[in-house]
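The block underneath contains the structure these notes are about, expressed in C-alpha cells.
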Amino acid sequence: MKRKSLLIAAAAAVAFWSGSAVAQSTIKIGVITDRTGNARFYAEPVLSGIRLAAKHINANGGLLGKKIELVIEDDGNKPDVSASKAQKLIDAGVVAIISNSSSTSSQQAQNTTIKTLTPHVTHNGSDSLTRKLKHSCFFQIGPLGSIQIKTLMSYARAKNYKRVALVTDNSALGQIIAKFFKIFLIKSGVKVVVEQVIPAGSKSALPQMQKVRAAKPEAIFQAGILSREMVLFFRAYHQLGLKQQILGSFNLSIPSYLRTAKGLMEGVAFIDAYDPRKPEVQAFIKVYTKEHGKKPYSLPAYGYDDLGVLVQAIKRAGSTDKVKVCAALKATHKWVGVLAAKGTSYSFAKGRAGYPVEGAVVRLIKNNDHGPVVHSGTK
Amino acid sequence: MTAGKTFIEISNLSKRFGGLTAVDDVDFEVREGEVLGLIGPNGAGKSTTFNLICGYYPANTGSIRLDGKEIIGQPPHKIAALGIMRTFQHNMPFEGMSVTENVMVGAHTTLHGGLIPVLLGTGRARSEERALRKKADELIDFVGLSEERDTPVTSLSFGQGRLLETARALAGEPRLILFDEPAAGLTPSECVRLSEIIRGIADRGIAVLLIEHDMHFLMSLAERVVVLNFGSKIADALPQDIRNNPAVIQAYLGDAAVIGADTENGSGADA
Amino acid sequence: MGAAIRWGGAALIMCVVPFLLPLYEMDVYRKMLFWVALAISYNFLFGIAGQMALSHFAFAGIGAYTVVILMTQAGVPLLLAIPLALGLAGILAFIVSFAATRLEGFYLALATLAFAQLFIVILDEGGALTGGTGGLTSYKLPLVFGFEIQGPWLAIAMALVLLLTLAFLLRIDRSWYGRACRAIRDNGEAAAAMGVDVKRTKIMAFTLTSVMAAGAGMVYAFFDNTVNPPVFGLENAFMLLFMVIIGGSGSHLGAIVGAVLLRLLQDMLEPFVGQFHVMGLGILMVVVILVQPKGLVGIWDDLVGRKRAGRRKAKP
Amino acid sequence: MADLLELLVSATASGCVYGLIALAYLLVLRPTGVINFASGEWAMMGAYAAYVISDAGGLPPILAIPAAALVLAIIGWLTEWLTVRPLVERGAGHLAPILALLGMLVIYHQVVLLSFSEDQYPLDGPFGFGRIEFGLLAGSYQDFFIVGATIAIFIGFWLFFERTVWGRSFEAVAINRRAAALMGINLRMVTALSFAGAAAIAATAGVLDSPRGSVEANMSLPLAVQGFSALIIGGINRVEGALLGGIVLAFAEDLTRRYAPIPSGLALGVTPVLLITFLLVLPNGILRAKEAK
C-alpha cells in the first residue's frame, strides 16, 4: 500500500520531465481566455476581436515579416489555473500574454508574468490591478473604474447632484468598480446616501431598491456587472416608480441587456469604451461585420485593441525580445486604437493603465438601443 | 458451572415510551460466569431491558449496579468499557473491514496507548498491535472462523456473521456478554455449534445474558431463567421450574405449546 | 529500515523533480501536490471516517488566509504564524466538528456546505482584512535565513507537507484509531457497543484532517503570492469530492490517483477535446459510480485479483 | 407599511420559487432517500427549454410552461433510468446515487453552457409585469402569477398524496420501500415517476422565476442551495413543508436585506446561518412528520 502510493507519486513526478524545444517561425502571442467557466460569455466576444486583429495583421504582411500565431489557453476563470496557464504560455515561447477572463484571474496570472518579466496586457477595468502591483510590464487598456466614474461625474456635473445612491453586485469586478465610484464621488463632494449590493442568485432587488428609494437620492450610480441581477435592478426601479437618472458602468454597453431588460433602460446613461463617431471605429465595424455578419459592440473592440497595442509596440521594438517589447510598450505614446473617444490616444508613458483619461464616452439608451454619444471625457 | 458472586444488580428498573411502560419495576441479578436466560412473549420488554443495560436508553427509574456502582446514565461505549459486550439480533458487522479487523475493533476498550505513541510508532504501540492481532486470530479460531479469515465480511453466511459477532464481543475481554436471540435464523447444526461456543464462554468465567425464543436452545444452556411479561418480571427460577410455573404458562397462553415443546426449528424473529 | 529508505527515496524524488521541470510543469506539479495533500486528508475524513463534509477546502482557505494576514498585517514572523494559523484552523474545526457528531450523510454535507459558503461571505465582506472579493495580493514570504523561498522550493515545502500528511494518516489508519473510524463509518451503533467513543472519534477525525488541510493551504498561499475567494469556493470543494470518489474512496492510493488524474485531465484532455474537458469530469464521475464504486483503484484491484485467482486455479 | 406589504408580495413570490425547488428535492428524497443536487440544474434547463420553445417554437408563454415541464420530465426520467436505477438494483448505498447525480450536474451544466452562445436570454411571463393592486397588497402580475401557480401546484400535490391511491403508494414507498414492494407497489415506476415529476416541478420553478431576471446558466447553483435550505427549514416529511420553508427563507432574506442594519453583502450569510441552525437545532424542520396513521 505504502509502496504503491510512493511509486505513483514518483512516477507522476517523472511524467513531468519534458523539455520544450521552440523553433520560432512565427511570433507567438499568448491569450488566457475562459471557454468553460462563468466569464465565458464576455471572454468569447473579446477573443473574436483578438482573432480578427491577428487575421487582419497577417493578411497585411504580418509583423516583422512573420505571421502572428495566437496561443490560446483556457483557464475556466479559475484564478490559480490562470497562473499556471500563464507559465505554460511563457514556456511555449510567447512574446506577451493577453489576459481575457475575470480580473481575479488576471491578478493571479500577474504573479507569473512578473517573475518572468513577460509583457502582460489586459482590458480588465479594475484600478487595483495596477495599483497593488509593482509589475513594470503589466498594462491595462480598458477604461478603469476611476475613469468611468470621472466621466460620469463630468457628464452629471451640470445636474449638480449632491446626494446619490450606489448600487452594485457581489462580483469581484462589480465590487471594485463600486469602490472607485465611491472614492471619486466623495472626492467630488457628492454624498453617497445609500449603498446597496444585489448578490448573485437574488430573486428580486426590491428590498435594496426600497432602501434606495427611502434614502431619496438625486441619481443612482450603477456599478454591477452580473447580468441577471442587473435586470432585477431595473425591474425593481420601475416597480417602485423611481424616476432618478441611472448612470452605469461600461458593463451596460453589452447589447444582451437590450434584450433581457427590454424597455426597462430608456434614458439610462452608460459608459461606452468606444466612440462611433471615430473613423477607426467605423473601419472596425466594417471589418467585423464582413467577418461575422453582424455589428460589433465594444467587447470585440477590447480584443482588437489588446492585440493592437502589443503589435505597435513590437513593431517599434523591432524585435520580440521581452525586455525590448516591454520598453516599447512603456514608451507607447499617442497611439490611436479602436477604443477611446475621438481625439484621444493611448500613452503608457505615465502609467501602466493606458486608456486615455478623456477616452470614455457617455451614451444614453434610446428606443431600446445604444443612442448617440452625449458626452465624452472628464472635462 | 457454579455461579459466582453477583456482579450486576438490577433493581426497580422502569422504562416508559410515551404512555407505554416497556419495562416495569424489574429486578434481577447476574452472577459471574452464569448463563442467564431472559424470556417472555413478544413485547415483554426483553430487548428494552437489554438496551437499558447497554446504555442505549436512560431508565426512568431504578438502578443497574455493576460491582455496586451505578451505571445508569453512562453512554454505551462506557458501558462496553466496563466489561459488558453484546451481539445484535440482526448481524451488524463492519462491512468495509476484514474478519480479523472486525474482531480487533471488539478489543477497542482493552487498548491503553493513545494516539501519540501510534504517531511516533513507539515499540510499545507496535507490540500492542501485534498482540492484538494474535488475540484476534485466537478468537477467530475459537469460534471456528479460521477458514474465513480473508473472506470479505459481506460474503459471510448469516451463521458465520453471528460467530463473527461473538468473537468480536469476546475480544473486549468482557465480564458479561448479552446475546439477543442468537439462534434465530441459524441452521440446526449452526445452533449446536453456537451453543457449544456459549458454553465455552461461560466456562471462561464470563457471564452470559441470553434472550432467546428457541426454548430448546435456551433451556439447554441457561442455568437460571428470568421471565418478563408486559414489562414486569413474573418469574426468576431454574429452567426446570419455569416449565411448570403457572404464571409463565398463563403469559404464554397463546404459545403454550412452545414451552417445553421440543422445537427443532428456531422460532421466528422477534418482530 | 526498508520503510525509511522508501520514504527517503520518495521524498528525494519529489524534491528533485521540481528542479528538473520547466516552469509551467513545475507549477502544475506543485499545485498537483497541493491537491494530492488535500485529497488524502479528505479521503481519511470522507472515505475512512465516513463524514461527507464539504468544508475541507474552506479549511485550506482558512490556513492560507490566516497565515497571510498574520504575516502581512499583524507582522507575525513566519515561524510563529504557522502554529498560530494551524491553531486557529484547529479551533474552528473543533467547533464545526460538533455538527459532524449530530448529523450524518447528506445532512452533514449540507451543514458543512453552509459553513463553506459562510466562509466565502466573510472573505467577500472582510474589507481590508481579507481584501474583499479581490483577495490579498503582492505579499511575499520573508527571507528565511537570508534565503528566498520560491518556485521549486515551495514545491519542496508542499511535498514535505504531503509526505508528512501521508505518513501521519497511514500510521493512524492502521492503528486502533483508524479501525474505530472505519467501524463508525460502517455501523455507528455497533462501534459504540464495542466501546468506541463515537463522538470523540468523529471530532478528532474532523479536526485532525481539517488542520492538515489548513497546513497544505498555508504553503499554497505562497505559490502565486495571492489568495482570493473564488479559489476556496464551492466548486473546488466538490472537485475534491470528485477526486476521492473517482480514485477510490477509503483508499489512500485512490485519493492520490484521483487527484493526480483530475489535475492532469484538464491539461491532457483539453488539447484534444477543448471546451468539452470539464464535461469529461462529469462523465468520468458517473461512469465510475456506475461501473466500479471502489473507483479506479477498485478496477486495478479487480484486474490483479482476477489474475491472481487465475494463477491459483492454474497451479493445482 | 406600504413598503413592507410590497416587499412581502415579492418575497412570497420568491419563496414560492424556493418552495417549488424544495418540492423537487422532496419528490426524489421521500421515496428514494436521495438528495438530488442537480435540482437547480433542472430549473435552469427548464428555463432554457421554455426560452427555446417560446422563441423558436413561437409558443405563447403560458403554454411554454407545461411544454418545458414536459421536456424536463423526460430528462428527469432518463436521468433516473441511466444513473439511479442501475445503482438501486445493484443495492449500492445511499450515497452512490447522490454522487452519480452530482456527476450529472456537471454534465447538464456544461451541455447548456456550450449549447448557447450568449450569457443571458429574455423570457416573457404570461401576463407581463404590469402592476396590480389588491387593496394594500401590490405587486407585479408576474409575482401574483408565481404565487397563484405555486399554490395550485401544491394543492394538486397535496390532493394527489392525500386523496389518490397512486399518491398513497408514493407515501407507502417513502415510509418503507420493502414493505411497499411486498404490498405489490411497483417500486420502479414510483421511483421513475418521482424523478420525472421532480424535474418537471424544478423546470416550472425555473420558468416562473426567469421572467423576473433572465435565463442564464449561473442561475442553477443559487437555486440549488436555496432549494435545499428551504427543504430543511420546512421539514422533509410533508409536502406543505417545502412551501412553508421556501417562504420562511425568502422572508428572512428579504427582510434582512431591507431592515437589518448590516451591509447588504453580509445579508448573504442569512441562508447558510439559517440552514446550519435548523440542521443542528430543529433537524425535522418547522413541520413535524404526521403521526403514523
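Observations on the model:
Think of it as A, B, C and D in the order they're written, each chain with its own count starting at 1.
In the analysis below, a contact is a pair of C-beta atoms (placed from the backbone, for glycine too) under 8 Å apart; a residue touches a chain by one contact, two chains touch by 3 or more.
None of these values were measured; they are calculated from a predicted model.
Listed by label, the chains touching subunit B and subunit C alike form an empty list. Among the chains in view, C has its Cα centre nearest the centre of the complete protein Cα set.
Using CA-based centroids throughout, the chain positioned farthest away from subunit C is B.
Separating the centre of subunit B from that of subunit D, both taken as means of CA atoms, is a distance of 48 Å. The distance from the centre of subunit A to the centre of subunit D, each centre being the mean of the chain's C-alpha atoms, comes to 36 Å.
Subunit B has its Cα centroid 72 Å from the Cα centroid of subunit A. Among all residues of subunit B, none touch two or more other chains. Residue positions of subunit D touching 2 or more other chains, listed in rising order: 110, 221, 225, 263, 265, 268.
Annotation for subunit A: residues 36, 170 touch two or more other chains.
Taken pair by pair, the chains that touch are A-C, A-D, B-C, C-D. Against subunit C, the residues of subunit A that register as touching in their complex are 1-6, 8-10, 12-14, 16-20, 35-36, 74, 76-81, 83-84, 87-88, 90-91, 102-104, 107-108, 111-112, 115-116, 126, 128, 132-134, 170-172, 175-176.
Interface of subunit C with subunit B (complex): residues 168, 171-172, 174-177, 179-180, 182-183, 185-187, 189-198, 204, 250.
Looking at the complex, you find that subunit C touches subunit D at residues 52, 98-99, 102-103, 105-107, 110-111, 113-115, 117-118, 121-122, 124-125, 234, 238, 241-242, 245, 275-276, 278-279, 281-286, 289-290, 293. Note for the complex: subunit B touches subunit C at residues 54, 75-77, 80-81, 85-86, 88, 92-97, 101, 104-106, 108-109, 111, 113, 115, 118-119, 121, 125, 129, 132, 168-169, 172. Within the complex formed with subunit A, the subunit D residues making contact are 3, 6-7, 10-11, 13-14, 17-18, 110, 113, 117-122, 129, 131, 139-140, 209, 212-214, 216-219, 221-223, 225-226, 250, 254-255, 257-258, 263-265, 267-268.
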